[in-house]
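Structure provided below as structure tokens; questions to follow.
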Amino acid sequence: MKKGASLYLDGITVTFDGFRALNNLSLIVEPGELRAVIGPNGAGKTTMMDVITGKTKPDSGTARFGDHDLTRLDETRIANLGIGRKFQKPTMFDALTVFENLELALKAPRGTLAALHWRLSGEARDRIEEVMAETGLMDRAKDRAGILSHGQRQWLEIGMLLMQDPELLLVDEPVAGMTDQETEHTAELLRRIAGKHSVVVVEHDLEFVRALGRKVTVLHEGSVLSEGPIEQVQEDPRVIDVYLGR
Amino acid sequence: MADGALLLGEADALTGAPANAAGASPVRINNRVRAALRIALGRLQIVSPDPAERLRAADGILRSRSAQDLPLLDAALARETVPRIRERLVLAQGAARLASDDEALKRAGIESLGASGFEAARTVLLEARAGNAALAEAIDAAVARIDRQLAFRRAGELLFQGLSLGSVLLLAALGLAVTFGVMGVINMAHGEFVMLGAYTTFLVQEALRGTPLAPWALQLAVPAAFLVTALLGAAMERGLIRHLYGRPLETLLMTFGVGMVLQQSVRLIFGAQNREVSSPAWMQGTLMLPGEISVTQNRLWIIVFGIAVLLLVMAAIRFTRFGLDMRAVVQNRRIAATMGIRTGRVDALTFAFGSGIAGMAGVALSQIDNVSPNLGTGYIVDSFMVVVFGGVGSLAGTLIGALTLGVVNKLLEPYAGVVLAKVAVLVGIMLFIQRRPKGLFALKGRAADQ
Amino acid sequence: MPGISALRFNLRLGLVVLIFVLLLLPPVLNALPAGHPLRISDFVVAVTGKWICYAILALSIDLAWGYAGILSLGHGAFFALGGYAMGMHLMRMIGNRGVYGHPVLPDFMVFLGYKELPWYWLGFEYFPFAMLMALLVPGALAGLVGWLAFRSRITGVYLSIITQAMTYALMLAFFRNDMGFGGNNGFTDFKDLLGVPLNTPSARAGLYLAALGALLITLLISAYTVHSKFGRLLIAIRDAESRVRFLGYDVTAFKLFVFVLSAMMAGLAGALYVPIVGIINPGEFSPGNSIEAVVWVAFGGRGTLIGAILGAFSVNALKTWLTSFAPDLWLLVLGALFIIVTLFLPRGLIGLGWRRRS
Amino acid sequence: MMMAKGIELSYGASLCLRGVDLVAEPGRITCVLGRNGVGKSSLMRAIMGLERVSAGNITWEGRDITRLAPAERARAGIGYVPQGREIFPFLTVRENLETALAAAPRGSGVPDDVFDLFPILKNFLKRRGGDLSGGQQQQLAIARALTARPRLLILDEPTEGIQPNVIKDIARVIALLAKERGMGVILVEQYFDFARELADSISVMVRGEVALAGPTADLPRENVLKLLTV
């Protein structure tokens, strides 16, 4: 087993206005694991990420990362535990350049005084350029993020996640709006990252999930419907019934 | 003429018969005589048909504190119906009983004074305490009894004042609850709309002066003020605010500018001095509620008006087509549009509605506050506090918020003074929204987050 | 396109230098002998000095609003608190030259029957202490209000309303006689500062240059702040606060830091303002003052430091000019300015010159 | 008849619809198929006026409605059942239905036949929309669109996340509306089998384009499935 913390969700329930977004959801992700989460719209995928990152507090259930109780921490603390998140709708700082966005995400002291005295070291610059090369944003370094195309915004979000160098990456719909080649590249990138880091990917694109080739969790109406390798999940009659086709 | 007869005017004071002044020697009026005269007169006037005279008479007897007056007082009390005079008679009777030599009568006096609940009775009792050591215990009990009644009455009056202030805040904040709570638009010109409502009242009153409709000026001012401010609100929404949706801070600044323009325009047109808006007779005077709690009529009417406007607004939102459109647009603008609801029109109408309510609030405020160009500025901060405290988007919250702030404000005033009470309330709200950032009546869940 | 942004930077730097050179002129030309055609009157020096204080206030508002997105409608309160701190020192410096000639108590206290100086007046006879308080009191208030607000994630218009209520409450409090701050009339009839009588040309020039120096220092501090990673984080917080949290930054701490810094700058501006204009009263706390200062920033161009300074000077120049012959019109024009700026000039004057791609 | 020709739509710099054509005729069910994220819903929103198209035009009953506001399209007789239902959670069921009266002739009420089609709603008239189950909300969303008496009904994934028995009800209603009432229907679906039973014609979308279109009978099952599952 790789070193690092595991993510442990048990019996998580979240309700909005009587609507159960998550219903007794349980999920364990081991250190270094790459896990794909699929499910129809409204199955609770994004709410699950909200619970893990502290944006939503569950009505009941346990959420732990290593020894830490995630339900008691706020977003900042959870991020500093080493949980990074890429949002479904890419959100970054539009008024800042690509380089500046990555610089803010870069793993470095997060305090106010540290930010005031921050000097960009050669090492940090190299790391940022490395990620820009990885995400194909090298020639847009000085462009403001607000003028990027949808696909490039996706890449910048992924780049920011890489800069954070978290133990656990939560990646929400990374390939929406990407070309086939980009999709392939993303799958390869995530496979490469896994092992050193834990990765949870939420995607609709079954081809992409297949390309990841790891364990798949199927969510339906806020709880886990099926779990296992993609081939096994595809054979599961319940999954076929609600998700893969009728 | 008999020696010692008193001549008052043209009549003999004792017999009332026409008198002949010839040969009468002028009485030297010294203080002793004056006092004797006053007492004598008082005893006579206690049966006068004129209430003002009877009151004066009762006062006179009260001052004399003489047991001899008891039969007179008993008789007068049996006849008397006017509350204020009765109060004096009860006091006078109690005082007279205490002045007697009869222990039982004294105790009856203490008893009746204690039961009366009048503040003046307290003084009479305490005065008598020195001379009646044996009765000190009974007197203390009676004083305590009066104190309890006084405290109750004071609490009642404070509560009423608080409700009254609360209903003023409610009126001022209701329109804001619609524009801010429903549309999310911060309208810093809201106070100026209230002010325009008050000026509309003034104009309606002036226009109707001397016509048969003059007694109805105040009632007619309500729809007039609603129309004026609603039209202005609609124009403002279509002309200005519409271009700033999704930019709340800019909207705030822009509407503040509109408020300045409105306020200064009124100042240029009407002058900076206060305008006189008169109150109709039915709004003047005070009313005694059970428990001797006195309330002023105009404040009472404003409470009634505030509740009426609240019910009207609730009904409009709940039962009319416009209200349904409004609620649909608030919950999901895009989908409301696909149902055929013209969202732009709903926005304009909603804003007009909120502004019109501000105008109606202005009519009410013209009755209790100075009608001047900066009438609205005094209410705007409080109104925002009411909406924030009560919870944005909830009329029930606005009601509870307004009444709570009003009552708390008035309850604090005796201890902290007017200004510090206000400061304390503002600080209290800031601490309160620590616990509940979305106010008392926050909408919960998904739909509320958007 | 680094060429263009470098050019833009140089232009801005040039504008800053130009402004400071121009601002050096009034005291210099004022020193010319009377009757000289280029001589500038005492009045102009005093008015320009006042505007410099306003520019510092505008800068402080811009730091919070233009960069961090915190629209405070209560900065006038920080300004006034700084002013009161300085005013207290100036009152103590009157000594026994007051109308009642009391050696310790200011006139209004004698008039109100005070027997001795209230405890919170202690220490204000020392200039450094008063200056320290002019920074610390506004800073502490901003720290308290900001901590309460940012911690519970009160943002946007809610925060604006809270800050407005704050200055409103302070105004009501300072109008009270028993607060020990002169009530309605505030402080006035100052005699001298640091031993120099205030009505002398050298005092005027000294105060003016002190204000100008303070403007330069606050501008440098602001520039350092906004051009550091801290500044980029402020912009990030302004545009997507929750996203910054997910990156692991403590947003509350950053906002609090900039809010307190900004309040202290406003306090400094107030402290310089009071000896220049010779009076401070509770009217400075009125919510209208704060929001008027916000419109200077909006008009000049928020999110650019030079824009805030430019806005303070231009709006106040307009105000001084207009109120000299048509005082009734000023509020109409100011109101219209709010509308025009928000609807047509979202980037302010600076935005007219430098259009950024969007 | 509704005709959309050469519709293009972009979010920022990326194009999510690239020259899409679609036709809906009275009494016929047109089904738009495709995997998640290929632009089906964007196309529906464009037809409804919720997205501004960057190229192409839309005509309805002979009139160009490309620039018309959504409310005006609703009033012109186009009903819309959005993806994810989007009923008004804080309005009662009755009020939800009544919102659509904005697009109905003046003075008309909720038609009785809405309750014939969805009898279950009759029991819930005073309940808040947000308190209904997913399947009930979907029925409410369809009933709401029908309240305006539209001549074209757009249904965006009405079966998503719904239990099978409700899906059957919905299929029955859709068929009835087209065949007996002569309503035009555009049905967006992910699943071919459901579509095939109902649709008169099918358009399959892939990455913002129509990859395959034609009458249902003419489209071989394998060809369609290939585009849907890859």
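Lettered A, B, C and D in written order, each chain numbered from 1.
Operating definition for what follows: contacts are C-beta pairs under 8 Å (C-beta built on N, C-alpha and C of every residue); 3 or more make two chains touch, one makes a residue touch a chain.
Computed from a predicted structure; not experimentally measured.
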Checklist entry - Which chains are in contact with both chain A and chain B? => result C, D
Checklist entry - If every chain is reduced to the average of its C-alpha atoms, which one ends up farthest from chain A? => result B
Checklist entry - Whose C-alpha centre lies nearest the centre of all protein C-alpha atoms? => result C
Checklist entry - What whole-number Å value describes the gap between the mean CA coordinates of chain A and chain C? => result 45
Checklist outcome for this item: Expressed in whole Å, how far the mean CA point of chain B lies from that of chain C is 41
Next on the checklist: I'd like to verify one number: the distance from the centre of chain B to the centre of chain D, where each centre is the average of its C-alpha atoms, in whole angstrom.
Outcome noted: 58
Checklist outcome for this item: Expressed in whole Å, how far the mean CA point of chain C lies from that of chain D is 58
Checklist outcome for this item: chain D touches at least 2 other chains through residues 89, 130
Next on the checklist: For chain C, give me the residues that contact two or more of the other chains.
Outcome noted: none
Checklist entry - Where in chain B do residues touch two or more other chains at once? => result 445-447
Checklist entry - In the complex of these two chains, what residues of chain A are touching chain D? => result 17-19, 40-43, 147-153, 176-177, 204-207, 220-221, 241-242, 245-246
Item to check | Partner chain A, residues of chain C touching it in the complex | outcome: 1-2, 224-225, 228-230, 232-233, 235-236, 238-240, 242-251, 253-254, 257, 357-358
Checklist entry - In their shared complex, at which residues does chain B touch chain D? => result 321, 324-325, 327-328, 331-332, 334-343, 443, 445-447
Item to check | Residues on chain D engaged by chain A in the complex (per definition of touch) | outcome: 11-14, 16, 35-37, 83-84, 89, 130-131, 134, 157, 160-161, 164, 167, 191-194, 229-230
Next on the checklist: Which stretch or stretches of chain B touch chain C in the complex?
Outcome noted: 186, 240, 243-244, 247-254, 256-265, 267-268, 381, 384-385, 388, 417, 419-420, 422-423, 426-427, 429-431, 433-434, 437
